[in-house]
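Next come two complexes, and both contain subunit A; in the first it sits with subunit B, in the second with subunit C.
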Partner chain A sequence: MKWKATLLMAILVFAVIASGCIGSTQETKTETSKVTLTGDFTKDVIEIGKILQQNGINEVKFAAWGSGDPNSVMRVYGIVDAAYKINKIWEQNGIKVKITVTTKYDQSFKDQYQEFLSKQPLGQAGDFFVNSYAFLPTLAEEGYILDITEYAKAYQNVIDDFYPNLLEAAKYKGKLYGLPQDTEARPLYVRKDVAKCAGLDVTTLPEDVKSGEFTWSDVYYWAKKAKEKGCAEWGLIHRKGSAHPDLIQFIFAFNGKLYDPSTGKLVLDVPAVYKWLYVEWKFAQDGLLPKDIMSWDWAKQIHPTIVEGRTLFDIGGTWYWTEWQTKQYYHGRGLKPEEVKEWFAYTLFPAGEKGDKPVTLSQPFIWMINSKAGQLNPKYEELKDVYHALAFLMIVKASDSEINAIHSVISAHLPVRKEAAKLIKDENWLNKLKNLDLDLAPEVKDNIKDIVEKTVNPINAKFLADVSYMLEYTHLAPAHPKYPALADIFKEAVDKVLRGEMTPEEAVKFIEDKIKADKELADNVEIKGEIPKEWEFPRGD
Partner chain B sequence: MKNEKLRDLSFFLFPMVFMVVLFYLIPLVLTVYISFTGMRNWNVDKYLHQVVGLYNYERLIHMFKYDPTFKAVILTTIVFVLITLIINVFGGLGLALGTFFMSEKPASAFRLLWLLPRMSPIAVYSLVWYYFFHGSSIGTLNSVLMKLGVINQPIPWGQIVPWGAWSVIIFVNGLVGVSFGMIVFTSALNQIPKELVIAARVDGASAWEISRRILLPLMKWHFLYVLTWQFLSLLTTYPHLFLLVEWDLVDRDYGTTLALYVFNTAFGRGEQDQGLAAAAAVILSILGIIGGFVTLKVLQFEKMIKKPRGDL
Partner chain C sequence: MKDVETRPKKYEGVLILAIFLATLPLIIGFSLLIISSFSKDMVTNFDFKSFHLTIENWINVFRGKLAITGGVKVNMAKIVLNTLIVALGVSGLVTLVSVMSGYALSRMDFRGRKWVIVSLMLLHAFPGVALIVGVYLLYRISFPQGQDWVRVYSFIYVIFARAALEVPMSVWLMKGFFDTIPWEFEWSGIIDGASRITVWRKIMLPLIKPGILAVALFSFLAGWQDIIYVRTFLIDQTLATFIEANIEAEYTHMPLIAAAGTLYLLPTIIFFLTAQQILLRGYSGGIKG
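Moving on to the complex of A and B:
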């Protein structure tokens, strides 16, 4: 009797489990919906809206993740504004669907990247992710971001308006994985009053640098002179922390390479890296550059030293221009736009030596779409393609030249589209922006009001227009999944030569040894050339 | 009768066994398994089935042989664990004995003071020491010494290798860890019958003699517990170290222990190499098991768990 009862129970349990399985299969088996984009934004948006409505969806939820300095919030509000404009189109056409966007804005782009990596597989990462192009290869390789090559074909007119080299930064293995959001140049700032004291004429400097006449030998010469004459405490200040991407400008300035497209491998260009480390070592040993600059404090040391005029030269980014105005680096206050204009001249990063070319370096930020975008919405499996197409249209809208121009002016990043570059030169448009008399989402207006008040003025717009030419000289760090590991080694080597723990020769050997010690890095990096025997810096000194 | 006993035992032991399996055994097995895969960037779907054999261990051995700085990580681990362990155990013991001979109110206040580092959020606590030991004139220590005329130039404390970097990380972690020993030893001291101390006092024994002859022998097992616990804890600790290295306060080679190396490799770089990190974690676990076993053996742990003589 007992075994009968056991058998009955077993059959019952099996039946319950089996019915659950059968039921779930039936539930997911419905027809999928596809969208074909036409390139007509309004038409495409309406088409998507109708499909969503037919499927009973009345709210689409997305999350936008962005990061950076406090002035760069358009990296997330661009998406919020895109939702606002799409909602408007749907409303005007009687479609009862609404997009709502939640935002997450962090200070550190590296931390947010790490968070994205860990949460994407769990389906908890943002649907939109704006971050450095340097991470794009890894994200694409892992399948964490959406390949938008096919979608983009319909919007070729928009794509063509982006600067081509920036568009390249959004590609990996020939496929497009996002749209450029912003970029920047890294000028050499020159403190005008210190230059005057040392006898350096800054009026012709940008042209001399551009023509390759003024090289790093000259930077050394004037830095030394400024220090010897007591004009400034330091000759040169540069950024700290990761050598990527600021200091690798030296490699390009000494005509070196970091990547070989024919092999797809990273390159350790020994002569160029040696010259870079030698320059750093020489400046530090002669007391022109702080030996411990790599561990200086941003807010208490680096920026105050520059804005208080305690250095002649500074390697920085274009965004410094507005950062100095919005943060209290100068004796407890921010600089006025007029002060920044009066105190600082700016040029390209000079050529390493005569015969080389001046350079700058950009690290474009890219609007990427999570490959699981929209997954928290109803009927995701059936409507995946619709959600993805909608997400693509949102980054197209967020890339509107007006949004891009607003971001550029308030954060001193360079525009990524030709149309946006024209807009920032338009005085009428700038006045409208100053009064926020533009068609923007109310939430966006509220959030950028204070930043606009402090940063929108003709001086800042002119600065952006003035530095835009630098993009013609720009280089990008290689889009290679192993590059961050190599950049890490560069950073360590620079720190050691600055502190005098290693000579430039020893540091090059150190880099080589570190590469060879990591089997995977050794397979991905070609070591080329040798330390030049007869080379001297500064020339003729 | 036998089955009944087994059933009773199972019933009472089940929650504990379940927790151990869920939170200790499964993660350990998973870590060992991941160390044999090419897992990276959290991509479980892609790499979990990609078994690469001993490749990650080969990479580690290759690094140990040829990396100019990997040996610094191993050396730092040994020095950091040993010296901090001594400070934590004997510092905790000293504090417990010191406060034992004080009257209750000031003793409580004094103990609370030593608990502050453990109660402070890690980032805040690390930031305090970041500014204290900062290698420029903005560093509190440098600024004070310069004002007193002891030094002319700021000293980059954490960047003097190896001992400068080691001193900073040992100091910061030592201050956090010392309170653990203090609490355990204080509790042990409070269990010792006061009559023994009073009698010794009456006989004219000094505080030192009371400590050496009465208190310390009665705290042997607590000493063993604190020593083993702190050893394993120090071997795997990294949060304070992570911040001090991340903020460039200390040299990154001589400020990085194996535990921090595991963390950075798994989660802290552009490419997150969880396979390699798991291999390093397995080695760390083996070191922990061997170290813990040796400690228990040397201090004759088995004597403590011997059955009491006679019937209850």
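Moving on to the complex of A and C:
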């Protein structure tokens, strides 16, 4: 049996040596190259180009991942254009390095986030990742995205041009993890012809809403009147889904909270949630809002009902404005810009009741950089800092006010930079965009020309300029990991009150019970306040 | 004489009706998908007013254009090719392994044979999802650092990982096929001077063609439809991950996704139409005299 013992020992020794070898890296004494950003874009780009060239790199490969509606493709083409402009600078300065960018654009941003989560540790996720701010804290906590705080210090002039509240959405624990890419508002659309039929004056409506004079009691009053007079089939149509982030505007409109920054916990603000559910219940029970709207089809029911004028009010998003032009919701065709302008008025989401404030809600998308950006390039370990600095400069370039303004106009999202907001009001620039007479990468021009043709016109630009003020009233849904679970419970409760399966009181109790039943959720949600006993809705007249 | 049990004719109609009713939801689902792929709007119920004939969806799918208006373009040919690589890879690997192991388990006696046979079914019982953590970990420690090989390696890994899930059941099936072939076939070959390998290759394999085809077909479909492993490990998209990433009811032009879905179904339909005769054909041979 001796030979067996010897064999066993040999195997053991081999295994120990082999395990020691696995994962070990050979120590090399290559001089690491670092770059210090100066804030002068051209100078920094040239410096990086020289370092790459000295290290024998002639091609830098990056992948840009973006997602969203079909018109929001600048989320990836912004990066492609940044590469084009950096390549141009290098070419002009005799630097023989080129950036090539591959793009991946999916329509489901949640699915792409899941994919990023699984592929980032493997080094197979995109180097650039544009997605909802809501995912940023998790990605930052996991170390999956790059902390760009230090880089950003050199480009403070660019950073200062972003709207501050949006910049906050790109931060986590005081550190900057990306740059805002776009945002939106969620206006209340009013069908002008239906309003006229019902006797509602829409010309002063935006101001009345802004001052808090026109509240949800008034929305109910006019919705009822429009229905009773036979002006429309419905008084109100709203969005469906997980009640995130559209319907939770009601919580803010009724002066409620959803998050307590002092405890870091989510909040179930019982009075505000009760009032929200009561409004939903009242509208649905009085036949002003479809009881089954949470299961309506977007393309066959929700949008056609709005564009065909079968409702007085609609809670929508700014992107509806161009979506109605590019999709065939109106009797098999899209609306003309003139029609959208003529048929729809828009206001902030009205205050819940007198004394409250009007609101809107935004879900900014953020340009994030993978913490392993450039990993698939040569000499990654030695040149990591250079690749990361280059990636940062690319998102700076992709955030150029012109790129941001193009994205805003063609996708009906709101600009995130003040300079971009100015640009969309500039008629000359708009004409240039219409003719694609701008210095953009040929690939980008080629791929956006269809959208530009359909969406770039003074009417759409004016709409964006008109609704930009709404950002001053905006709220962000909490970027809390347990928020999606709470939003799903809200959705269930809304569906039940709409269908008449529960009264608002029962629905609030249902939400409380659901929270308490989930230990993790219960630990993360504070239940505050009680159902207001004396509260009345709507106004009596 | 028929080789199947016969039943009185009077019940035949009832049986056919019952089978038809049981499969009706599937038939309706697939039919609506195919009809929608040729329509401007989705046909999601029996209201055919929303059906407006068009081949635009198919043109857009082949052009990789995801929206009626828009700059979202994908290389559909590459996506289909990626799907084929994974499916054919899984199919080839599973067939090769199971044909050899099935033969060994059926014909050869070795230490632990019984244990291997019993554990085959146990292995098959593990769902892919349950194994994903281990498979993920293995991938993390095994993938190459060199940029040139990561993409290729991701294909190889997905093929091996997916094939590993299919192998136990396929081996079991192949063993069953080999078991049905009388020993006399092999003996006669060996007596004539052929080696075991030659006997396996020239005598046994032709006799179990339907079995090989069945294993190849089912493993091809397993690779074709895999989504979890492909999404987790593969750098490139396949049809399954492409469709999954683009179903966003609010944004997506759904008839276009219906066309992509129908394209995704095509291999299944084609395989079953062309292979059903071979699959149904049982063993029919004779003993060499």
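The definition used in the following text is that the second predicted complex is superposed on the first by the 511 of 541 C-alpha atoms of A that agree within 3 Å, B and C clash if a C-alpha of one lies under 4 Å from a C-alpha of the other, contacts with A are read in each partner's own complex, and residues count from 1 in each chain.
Operating definition for what follows: a residue touches a chain if its C-beta (ideal position, glycine included) is under 8 Å from a C-beta of that chain, and two chains touch if they have at least 3 such contacts.
All figures in this text were calculated on a predicted structure; none of them were measured in a lab.
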Side-by-side fit of subunit B and subunit C on subunit A, or clash: clash
Which of subunit B and subunit C A:328 touches, first, second, both or neither: second
Subunit B versus subunit C as contact partner of A:483, first or second or both or neither: first
Touching partner for A:451 - first (subunit B), second (subunit C), both, neither: second
Which superposed partner A:69 touches (first subunit B, second subunit C, both, neither): second
Partner chain(s) touched by A:297 [first = subunit B, second = subunit C, both, neither]: both
Which superposed partner A:519 touches (first subunit B, second subunit C, both, neither): first
Which superposed partner A:527 touches (first subunit B, second subunit C, both, neither): neither
Subunit B versus subunit C as contact partner of A:118, first or second or both or neither: both
Subunit B versus subunit C as contact partner of A:499, first or second or both or neither: first
Doubly contacted subunit A residues - partners subunit C and subunit B: 114, 118, 121, 241, 297, 300
In the complex, subunit A residues that touch subunit C: 22-23, 61, 67-71, 73, 77, 104-109, 111-112, 114-115, 118-119, 121-124, 241, 297-300, 326-328, 332, 376-378, 446-451, 454
Residue numbers on subunit B that touch subunit A, as the complex places them: 41-46, 58-59, 62-63, 65-70, 134-136, 138, 156, 159, 161, 247-249, 252-253, 267-272
Residue ranges of subunit C in contact with subunit A within the complex: 40-42, 44, 50, 52, 66-74, 136, 139-141, 143, 147, 150, 154, 231-233, 235, 237, 244-254
Touching residues (chain side subunit A, partner subunit B) in the complex: 114, 117-118, 120-121, 134-135, 138, 142-144, 240-241, 292, 294-297, 300-301, 481-485, 487-488, 492, 499, 501, 510, 513-514, 516-520
